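The letters A, B, C, D, E and F name the chains in turn, as written, and every chain counts its residues from 1.
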Amino acid sequence: MEELDAFAYSEQLAAGAPVLIPAGSIEQHGPHMPLHVDSLLSRTIAGETARRIGAVVSAPISYGYKSQQRSGGGNHLPGTTSLTGDLVTAIAKTLVLEFVRQGVKQIGFINGHFENYQFLYEGADLALKELANAGHDNIRIMLLSYWDFVDDETISKLYPHGFTGWDLEHGGVLETSLMLHLFPEQVDMTKVEDSPPAELPNYDVLPVRPELTPASGCLSSAVEATADKGRILLETASAGMAAAIKSQFEHTPSSP
Amino acid sequence: MEELDAFAYSEQLAAGAPVLIPAGSIEQHGPHMPLHVDSLLSRTIAGETARRIGAVVSAPISYGYKSQQRSGGGNHLPGTTSLTGDLVTAIAKTLVLEFVRQGVKQIGFINGHFENYQFLYEGADLALKELANAGHDNIRIMLLSYWDFVDDETISKLYPHGFTGWDLEHGGVLETSLMLHLFPEQVDMTKVEDSPPAELPNYDVLPVRPELTPASGCLSSAVEATADKGRILLETASAGMAAAIKSQFEHTPSSP
Amino acid sequence: MEELDAFAYSEQLAAGAPVLIPAGSIEQHGPHMPLHVDSLLSRTIAGETARRIGAVVSAPISYGYKSQQRSGGGNHLPGTTSLTGDLVTAIAKTLVLEFVRQGVKQIGFINGHFENYQFLYEGADLALKELANAGHDNIRIMLLSYWDFVDDETISKLYPHGFTGWDLEHGGVLETSLMLHLFPEQVDMTKVEDSPPAELPNYDVLPVRPELTPASGCLSSAVEATADKGRILLETASAGMAAAIKSQFEHTPSSP
Amino acid sequence: MEELDAFAYSEQLAAGAPVLIPAGSIEQHGPHMPLHVDSLLSRTIAGETARRIGAVVSAPISYGYKSQQRSGGGNHLPGTTSLTGDLVTAIAKTLVLEFVRQGVKQIGFINGHFENYQFLYEGADLALKELANAGHDNIRIMLLSYWDFVDDETISKLYPHGFTGWDLEHGGVLETSLMLHLFPEQVDMTKVEDSPPAELPNYDVLPVRPELTPASGCLSSAVEATADKGRILLETASAGMAAAIKSQFEHTPSSP
Amino acid sequence: MEELDAFAYSEQLAAGAPVLIPAGSIEQHGPHMPLHVDSLLSRTIAGETARRIGAVVSAPISYGYKSQQRSGGGNHLPGTTSLTGDLVTAIAKTLVLEFVRQGVKQIGFINGHFENYQFLYEGADLALKELANAGHDNIRIMLLSYWDFVDDETISKLYPHGFTGWDLEHGGVLETSLMLHLFPEQVDMTKVEDSPPAELPNYDVLPVRPELTPASGCLSSAVEATADKGRILLETASAGMAAAIKSQFEHTPSSP
Amino acid sequence: MEELDAFAYSEQLAAGAPVLIPAGSIEQHGPHMPLHVDSLLSRTIAGETARRIGAVVSAPISYGYKSQQRSGGGNHLPGTTSLTGDLVTAIAKTLVLEFVRQGVKQIGFINGHFENYQFLYEGADLALKELANAGHDNIRIMLLSYWDFVDDETISKLYPHGFTGWDLEHGGVLETSLMLHLFPEQVDMTKVEDSPPAELPNYDVLPVRPELTPASGCLSSAVEATADKGRILLETASAGMAAAIKSQFEHTPSSP
């Protein structure tokens, strides 16, 4: 959408195109990847998904909710620059209201930062309530985290030595493989450490106890990441999300 | 705490007792259980945990965040009466500030409603930031969901036919067994339906599609719930939480 | 309501039952009573009122607005754990919106904590404005403080030595008598001091000057409290409120 | 203060002058008085009080909280133009913070609109909390409603036929007498109706039932108002408030 | 409006009179003028404008947004007492909603404090959005800063030695001349300094660097201010605003 | 910053590098340019400025305040997707707090969207107040709009036929030239209309009167835009901003 001019954009909306809103973060992703991994990946995977269903991708929510230790290492790490929960919610709500004002009826949030989810959900729900109060009763919103569309078969193929859960994938094989496939020039595999997954407790302590996060900031090692795995992940996630969106949205313009 | 008079309460705080804040909800829990299951269980399990570590249990956060379809059936169901996310956050933040004003240095949230977690976390984090700005640098907060302390061994014992995840446990074996053990007069097992677990998609759609939630409002069947399982669950969860809290809080007054 | 299951609750709403929302506080009430007196009494008196008019009582607003020195001794006292005004307002507003969403058309706040009133009023007013904007024009809300329904005749009977006003009744004859009647096991009359009513100025000073509040935290002595007075107060207040509500609400289901 | 230049104002603050903040409203006051009675009277009485203790009077809070039926006739009446509670609170808080930033240490709110009180109190309390967090521990704030300083003796003199309470004095003898004394050109006594005091219930109903408020908008008749009574009221209230403030504020500059 | 009684006010509204809301500030205006210049002038010029088009002038927004160094000298100067931006916005929004509730359909903000503008605009826009959601689609709001209606010809007449821009007119010829014409008793021309206009950078630095603002607090000298210039300015601004308002508002009642 | 890994970023901060935060918008920019012109230009010019002074550029504030008719054509135009003022303020405040938490002491906002300015200013001011309360007294923030650094000489060179003011430059020569120099592949000069500048009144009317904005959405014609002018503008603006920042910030690391 950002690179469209206003008139081309209007035409797409007039044709009934849904809008996909990528939501990322500015968060440390280890010594081998840049800070904007979540924004970049959510945007790119949203683009790939949109291509399959004729949707428009909006400018991303670049800054996300605070990194939490059990899924992102913690908000205390250098470079991690986060918004409060009410801000993430308010931005999500406002974008929904803005797109509906422009005539959009179907909106999907494509989440690329684990911690964003509940706050995006709340923003979508508050927007729908306000819209319903104003008489809009035909708006539909979806919320999708791209990793939820990586099926068990793909997981067992890509993680032959066992999978430790999406929460520990911060800076690990998933994100690094996708970056290697899509933006290899932004990854430096020589800096990846080969260390066991972080062992984090099944509760949160605040203030964060920094010693629980590995020095690299990654919760699992990316040493087995490859561009080829990234290609498979991109394909699986975007195809899965495209199918899900098509199943829920009335009729999308047309898929190529 | 509620049933203490102010002077007895002060003595406990002076002795360094941590405060545990139960967080529940008013949410439908099927035809066989009352609306306040989450508040009641979080309060009772917090009490059992407090007994083991000499903590004080505060009045519960009775109303919680909206029920979400993938973990509670959805906020559209009758009786489900919820707060917005920013309210849950603000209440959690305010209670932390109030207890710290009274001299408390160690606070634990005992969560009994899946959807509350991120908003409680944000409230705790915002409170700590405000307290740090005001020069309090020795406050520690923990956030615990009681089901996270049911270990794999117990799970396999209690769910011999397979376990479908805590998110689908809404109104299922976990909560019903605990209620049967603790408040059997509030459970009517004759109303429990023997149906397969709900099949919910790996994304959210808003407004909720009501047909995806079983008519009972329960996401899995409680037919195999027993008071004995409840006793085991209570023991496992409160012992686990007590151990976790003791490991993180400087020194709790004394455990019996 | 809390102890109803969702289906029984729905039936009551479908029959047109009003919802009564008790609003209390967690506030010191002297050495002879527990911290949750206001929540407990508002809930119980609401229950007694509801019984007379076929209403449903919701889970209480447990935490209330700050204790003010001229009516509650002050928020600095140990155990007093309060919310800010905007939170009390937001909770009241949200609960109204939630009950209206469930089909309720008549809602009463039963206030048991002097300081809550203006913030509950504002919450009710804001909710009505939002509902009116959304096209709901048939919602009616009442706000009642239970002591306002103790008539002059009862007052002169219960306070033979003179009545000093409801604001000074904090921890005094009114609340203690009600507790003696309803929850005698939570009152320790041996700890009641026989002291004259507090003399507080006709203005507020902040920060509070602690020396103006009696050491007991009670603004008047409960030494003349009796369970029998409590019975009369409960009867008078709940009958008065029931009559008031029946006079204002279109038609309540039917009283047993 | 408004009519001082910045340099003269600074000199007064440097001498330790307290600041008095008048709080009024824009609210109908019957057919015989203008809409800004509360703002005008709070400002003038604050001025008279300030003269006695060497204080500075700030620009008034012109718009106040909503008129409530039991004390002001109701917010539905023409001309009544009100702020929400959180706005009154935020304005009060912000003014305190601003004056403290300028070096003021002692601040009094002089309230002239019944309904403002709790929201001003909350604003003062929130400001003090923020100031205490920032290390200001020597700020003192008072909140005074001028009618609370009219003693029983004066009341019995001015209301020979009996006094019905300050809440019903809206547009009645108190305010009209003060206006007759201070701003006679803004009062038209020929429009005063001689009617009995309004009979309002001991609870609130929302939306307001307009038929409960007299057509004049006044809750009691001003027919016995006189300029002479106004003079006595002004003298009594300002002398009482001056004495109260002197008793609480460390040392005021000097009274003429 | 403030000096109207409620019934006279209602008649004017019933006749379709627009409401003009003056927005000023409490801000230092040099050693020669009082702190309330902006509120006083916005109110008076609004009054003069209203007289020409049959509008009603509301009570002013007395406190405005923070003084900024490049247009008002800076918020650090003594006497400058300001609100945050969200408060100015919320007040503007609330007043619009209140007047529309009373039946007003055409509202103009008459701004007298440079820094207010964006926050008033936002308040007006938010109010319109809320009103549109509630079905009001015929409300029109204008925002006018009075100096924008001083045309180039008048400027060159009044500033024969060159004009440095409205932002530097703080405490200068414009405001001083108007005050000399309207409120000469509040101006002390003997205290005016004859100094060159302030030289302020084309960016902002925070915290403000106080040394950039002249000691007088005025950004340009008022030495050439005269009552006669004030008369011309008042005439030009109010005539210009009246014409603009007549051109945009459907039909104003009638101008005398 | 976004493309740095967390460790490289930390090193730059440790060396004392200031952080520059670009602030743009998603706003229609005529038929010849994409929607993200303001975000893209603020980011690129910030990058060029940062290069000169050794600063780090953060991820941009992509969505900005509403487009206003007098400077951006109006928020009603297709593709224009905006945040409310309080959100822009809150994002600006939060980013300042986050960077200070990371050890940054000098922060500059590089604004590329006219309407953002006051809301960014408020965010910076609120952040500084909170930081000062917490004991940080050595933080300095600058706010710069890049066009303010195009000097009069350059203007007269680039606009030989006269310059109509930065507010009308929306979609005109300034932005188009910069885009032609920096991102020529995103500009389609064949779609530029040769029309006179928009004539907009010296006040605002809301709701916007769409007929006042040219159909192209541009307030002045870009027909005379060239890549060479873009090069000069980029050089002038970034050199000017770099000089301004160096003059205000204590000592920047080192410029290449």
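Going forward, a residue touches a chain if its C-beta (ideal position, glycine included) is under 8 Å from a C-beta of that chain, and two chains touch if they have at least 3 such contacts.
What you see is a predicted model; the values in this text were computed from it and never measured.
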Exercise. Which neighbours do subunit E and subunit F have in common?
Worked result: A, D
For this session: Go through the assembly and pull out the chains touching subunit D as well as subunit F.
Result: B, E
Exercise. Subunit A-subunit F contact: same residues or different, taking over half shared as same?
Worked result: same
Exercise. So how far apart, in whole Å, are subunit C and subunit D when each is placed at the average of its C-alpha atoms?
Worked result: 28
Exercise. Where the CA atoms of subunit A average out and where those of subunit D average out, how many Å apart are those spots?
Worked result: 55
Exercise. Which whole number of Å gives the spacing of the CA centres of subunit B and subunit D?
Worked result: 47
Seminar exercise, completed: Touching at least 2 other chains, the residues of subunit E are 84, 132-134
Exercise. Taking touching chains as linked, do they make an open path (line), a single closed cycle (ring), a hub with spokes (star), an all-linked set (complete), or other?
Worked result: other
Exercise. Pairs of chains that touch, anyone?
Worked result: A-B, A-C, A-E, A-F, B-C, B-D, B-F, C-D, C-E, D-E, D-F, E-F
For this session: Note which residues of subunit E are touching subunit C in the complex, please.
Result: 130, 133-134
For this session: Using the touch rule from the top, collect the residues of subunit F that touch subunit A in their complex.
Result: 1-7, 9-10, 13, 26, 28-36, 39, 58-60, 62-63, 77-84, 87, 90-91, 94-95, 98-99, 102, 186, 188, 191, 217
For this session: Provide the residue numbers of subunit F that touch subunit E in the complex, in ascending order.
Result: 65-66, 68, 75, 84-86, 89, 115, 117-119, 121-122, 124-126, 128, 132, 140-145, 148-149, 201-207, 241, 244, 248
